[in-house]
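To keep things simple, chains are lettered A, B, C and D as they appear, and every chain counts its residues starting from 1.
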Amino acid sequence: MADISNSTSTNSAQAVKAGGLMAWLEPQQNRILVLAALAGIALALPLILNNYAMEVMSSVWFYVVLCLGLNIVVGYAGLLDLGYAAFFAVGAYTTGILTSHFGINFWLTIPVAIFFSICAGVIIGGPTLRLRSDYLAIVTLGFGEIVRIIARNLEITGGASGLIGIEKPSIMGFELNEIQHFYYVFLLLAILACFISYRLQHSRLGRAWQYVREDEDAAEAMGINRVGIKLYAYVIGAIFGGVAGCFFAAKMTAISPETFMFQQSVLILLGVVLGGMGKIPGVIIGAFALVLFPEVFRELGSMRILVFAVVMLIIMLYRPEGIWPAKK
Amino acid sequence: MKKSLFMSSVGTALAGMFLLGQVAIAADLKIGIMVPTTGSEATAGKDMENAIKLAAEEINKAGGIMGMNIVTMTGDDACDPQQATAAATKLVSAEVAAVVGGYCSGATLPTLKIYGDANVPFVIAASNSTKLIDANQGNAFQINSTGFDQVATAIELFKGQGVEKLAIIHQGDGYSEDLAKLTREKWSGMGKEVVAYEVVNKGEQDHSALATRIRSKAPDAIFWTAYYADGALVIKQLRQAGYRNLIAVGDGSNSPKLLEIGGKATEGVFCFSNPTVDYLPAAKAFHANYKKAFDQEPDAYAPLSYDGMKLLADAIKRAGSTDKDAIIKALAATGSFEGIAGPISFTEQNTLARSNFVTLVAKDGKWILAE
Amino acid sequence: MSLQDILLQQLANGLILGSFYALVALGYTMVYGIIKLLNFAHGDLYMIGAFCGFLVLSLISAVVGDSWAGLLCSMVLSMIAVGLLGVLIQRIAYQPMLAAPRLSILITALAVSMILSNSVMAFTDGEFLAFSTDLGFDGVELGNVFVTYTQIVLVAAAAILMVALYLFVHKTLYGKAMRAISIDKDACRLMGINVNKIIALTFFIGTSLAAAAGIMAGSYYGSIHFFMGFVIGLKAFTAAVIGGIGSIPGAMLGGLLLGLLESYGTQIPFIGTEWKDVFSFGILILLLVFKPTGILGQTEIERM
Amino acid sequence: MALLEVKNLMLSFAGLDVIKDLSFSVENGSIASLIGPNGAGKTSVFNCLTGFYKPNDGDIIFDGNRIVRKKPHKITKHGMARTFQNLRLFKSMTVLDNVMSGMHCRTKAGPIAAVLRHGAQQREEAETKKFCQECLEFVGIPEFEDHISSNLSYGNQRRVEWARALATKPKLLLLDEPAAGLNHDEKQQLIALIKRIRDELGITILLIEHDMGLVMKVSEKITVIDYGQKIAQGNAEEVQNNPKVIEAYLGKEEEEIA
């Protein structure tokens, strides 16, 4: 597997490292070593964890996928999206409706969900991505709410109670119904999400996102269609959310509009910002913090958002690059 | 695999923690409590937890169940489906003998599969959405009357008051929509008219436009099926808009807060309620003990939660073992259990066999039993 | 009720709701006009205003009672207190971010908003508090339309505040400085205007107007809770955009328009109230896409 | 044949005419200049040409295409590249990454190619890198390719901008005050570079400049504008002796003194 550098694509050669850990991580073979060790640990975790811990860890991997998806929009393209849960909802409801109303096989619903996520991304992004960034934030917030209200009002989405009895997927007759199965499914999704994120970041498209993020006009003058490039980010982010939604519906077997409220979008955004926008390891740390905090500090559970918000403010003021160290 | 060193160390540390949590002392009988102890419904959830713990303590003082001491373990569902599945898995992993609890129907719903797959007996003390019936795998028992019973109670009231034209308002969440839909179906099924069927968005304050719209349809009665906080505002603004006829609210609005926020406007409002301590003669001792133990008044679902724990103990005794199948069988066969909230026996769908709803009316800023 | 009565009653409903929107929208527009920041925390300051008023009223009601006099006292005190909080937020959170990328300052504003609402949630346990005042239900009946004295006083108070603001911005030196800064901050600095002071003043005024709206809404509707600022924050932003963000008369106009639109919107046949928010958000999105300058806003020209 | 033809261009902001009925042309393979006193509307002309401003009226024909009111990135793709009056580099990125932005419109790998990294994509990336290194070599700073662009000296940052513009493979290069902020030696190198771009790469050049000496040295055709209108056109000598031009410049100076 490719190396996961925490930096943007190319400033490695002259880079001077801040910490000892980072310096040690610099050579490719050391990084591969660490990644392999981590992969081993993640794969072996079900051997030592009980079901509860595995439930929590599946949730972590699940949020890693969502956060990496939003990271493409926020971290790579620099667009503030406050309605990301809408895409998550599109995926979850596509799977939910198709399997429970029409009896379609779970795996066949994924391409359909991807198609609808792309449609949703284009419909929302197409007309709005040329707007100023603060207007875009409000528009995405509005769209997120609209999607949730539509899900709440329609008959086919089960109204406010949502859908129940969504079929669990099976692979060649083997039904995924235990938490271990979903642990590995979500782990696989998270690895895939990391891989795709990494490849995108270090590509022609990834560079274009960075150009547009740094200076829209200069990028445009260099022949980059900024609306098109942003739309790519938006749609790819939507696909991540949609696919995550499919598996969410399959695991929960029941979905309702309350899961896709504005707070969910904010939570995912928190995960992206806490660890460090645009950096894959940072985003993963963010997702971990998001899920583990309320489980570990149960008595502070209701203060979770408050604690995160304070941390986020401090990060924005003193360390805008996030918790994960940046190369100098 | 991409994770950092930091994360994996957190992961291992956590794994260690979870493992430690599993160690149990022999001769204890572990019972799970699933209620929201954080989030917007934490107050109600903690109240239920208190009542269940009180019941467990009383049982232990009286010698436990077949010599075993009851140990409770709480899983926080936070009134959120996602956190509820984690809480349920946590309880199942900890190998509890049975679970009592369940407040928010939406959060309880996805846990039914988890308890069902593990075949854990689950006494649902408060959640009463009709959706729970279909998802029940046979191991769960609802000791609170379901929405069907509430609708029947409501329709009886409307008929008795000579209502012809009914307006229904809900809040766009699963619980209140369910109740509103059932009422609409029943009422139209009787050949009567539902002149307005409206939704109020949670957290909005101004409902004057809605009030004017409803008043213009001139209903004889208005049924608010959702919770007290928004209900108080809706009632106030309905009265302000000049609506003078009957108003009734569902059990979600059964709170003194409705009267406090609504003030004079709520005078004469009817409310359907599951049995709370004030209207239960058998609950006197419980009321006093609860106040002594927790220095606060028991809330709406405390008696039912208390009954849930007691019922469970009774069933285990009758089963004569802690075998899950035996307990479930014993629960289903419950015939003459006298709880403080009334007798409990089950239908074939494991729901409470009788309606336990009472009708209250607001008088001088207090809820009293309606004649 | 005849159709005419209904329409008249909805006019009254819309104007009252619109006054709240307008007061909150003013703060958005003023802050946006001067530092081009979309202050996500503005709706939460409205909420803080309501809680502050509640607190002050419960402290002073023993002396001055909880009727009009008490309400007025608590309103003035909380406007000052919350206004100062607004300045504090600007100093701590926004001032250091002015040169940062827009994404960073937007996230900062979001963080401030979450801190405000979640700390109130922690203090109140997420409960609704009854804001009980002794204002009564008396009023005047005009035909079949009924308007309480409370409603009349609220609209009048909102109007007074807005007129005062308009005069301040257009007739005083401070107001002139504010308008100048919104056009060119650097030039103002060169002309010897204390830019930071004027920005602080703008935050103070904008925030205290939101606080005033919060107290008025709290006492009028009778309940307050930590989440009450979210919906109105969004609606007021919509109002500001309708009127043309950055324009003070635009915010007032936009607020009233949105209020009327919403109250008449409920009378549209065949579209149930469950679609109401889709309707408002739809308007906002269409407006931003097709006429982002609003009714009274001006086009911006950016130089290379 | 003219590579660029501007016909009766009109631009106004809020009722104020910035460009009035301006027409001029740039011959293929020439080095042309657009000069005029401060505020004459030179950069506005550039912004109209490159699509950043939408002119109210008039026509712009570039290489046989009408480009008026087209989006900037489309115009760049047609073969017109520009530099900015104030440096507009992507500050936190490396020099090579900056230059590679120019190749964006000449390459096409999309998200699927990025994820699969198949042969065509890898070849494209390698070609992009190679061509951009050549561009850096051409402007004379190949050794800085891995440096963060904002760490370079001002003069070298200017060169990065040129390399970036060259990487778009343009037919016409628009230089907005290329000599601003350069010292005497750097200016001499600039003159040489401008000539090399035209002679060796065959790229037509249109520049805006304040430094008269530089303009007179490199330009084959000069268009003079004032208050958005053309007041003179011709070679260096003709323009220098045109009374209108002298008046525009000197008159302006007097005003400034007064």
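Just so we're on the same page, contacts are C-beta pairs under 8 Å (C-beta built on N, C-alpha and C of every residue); 3 or more make two chains touch, one makes a residue touch a chain.
Just so you know, these numbers come straight off a predicted model, no measurement behind them.
Asker: Across the interfaces A-D and A-B, which one involves more C-beta pairs in contact?
Answerer: Contact tally favours A-B.
Asker: Among the chains here, which has the CA centroid at the largest distance from chain D's centroid?
Answerer: Measuring from the centre of chain D, the most distant chain centre belongs to B.
Asker: Based on Cα centres, what is the most central chain?
Answerer: Given all protein C-alpha atoms shown, the central chain works out to be A.
Asker: Distance from the CA centroid of chain A to that of chain D, rounded to the nearest Å?
Answerer: 41
Asker: Cα centroid separation between chain B and chain D, in whole Å?
Answerer: 72
Asker: Just the number, please: Cα centre separation of chain A and chain B in whole Å.
Answerer: Averaging C-alpha atoms per chain gives centres 34 Å apart.
Asker: Between chain A and chain C, what is the separation of their C-alpha centroids in Å?
Answerer: Averaging C-alpha atoms per chain gives centres 34 Å apart.
Asker: Considering chain A alone, which of its residues make contact with at least two other chains?
Answerer: Correct list: 152-153, 217, 302.
Asker: Show the residues in chain C shared as contacts by 2 or more other chains, in ascending order.
Answerer: As it turns out, chain C has residues touching two or more other chains at 126, 230, 274, 277, 304.
Asker: Using the touch rule from the top of the page, what residues of chain B touch 2 or more other chains?
Answerer: Each of 39, 42, 172, 199 in chain B touches at least two other chains.
Asker: Mind listing the chain B positions that touch chain A in their complex?
Answerer: Chain B residues touching chain A: 1-8, 10-12, 14-15, 17-19, 22, 37-39, 42, 76, 78, 80-83, 85-86, 89-90, 92-94, 106, 109-110, 113, 117, 129, 131, 134-135, 170, 172-174, 176-178, 181, 199.
Asker: Which residues of chain C touch chain B once you look at their complex with the stated criterion?
Answerer: Residue positions touching the partner: 1, 6, 9-10, 13-14, 16-17, 20, 125-128, 130, 132, 137, 146, 148, 217, 221-223, 225, 227-228, 230-232, 262-267, 272-274, 276-277.
Asker: So in the complex, which bits of chain A are touching chain C?
Answerer: 74, 78-80, 82, 127-128, 131-135, 137-139, 141-143, 145-146, 149-150, 152-153, 213, 217, 262, 266, 269, 273, 302-303, 305-306, 308-310, 312-313, 316-317, 320
Asker: Using the touch rule from the top, collect the residues of chain C that touch chain A in their complex.
Answerer: By the definition above, chain C touches chain A via 37-38, 93, 96-97, 100-104, 106-108, 110-112, 114-115, 118-119, 121-122, 126, 230, 234, 237, 241, 274-275, 277-278, 281-282, 284-285, 288-289, 292, 304.
Asker: In the complex, go through chain B and note every residue touching chain C.
Answerer: That would be residues 39-40, 42-43, 172, 197-201, 203-206, 208-210, 212-213, 215-216, 218, 228-229, 232-233, 236, 239-242, 257, 260-265 of chain B.
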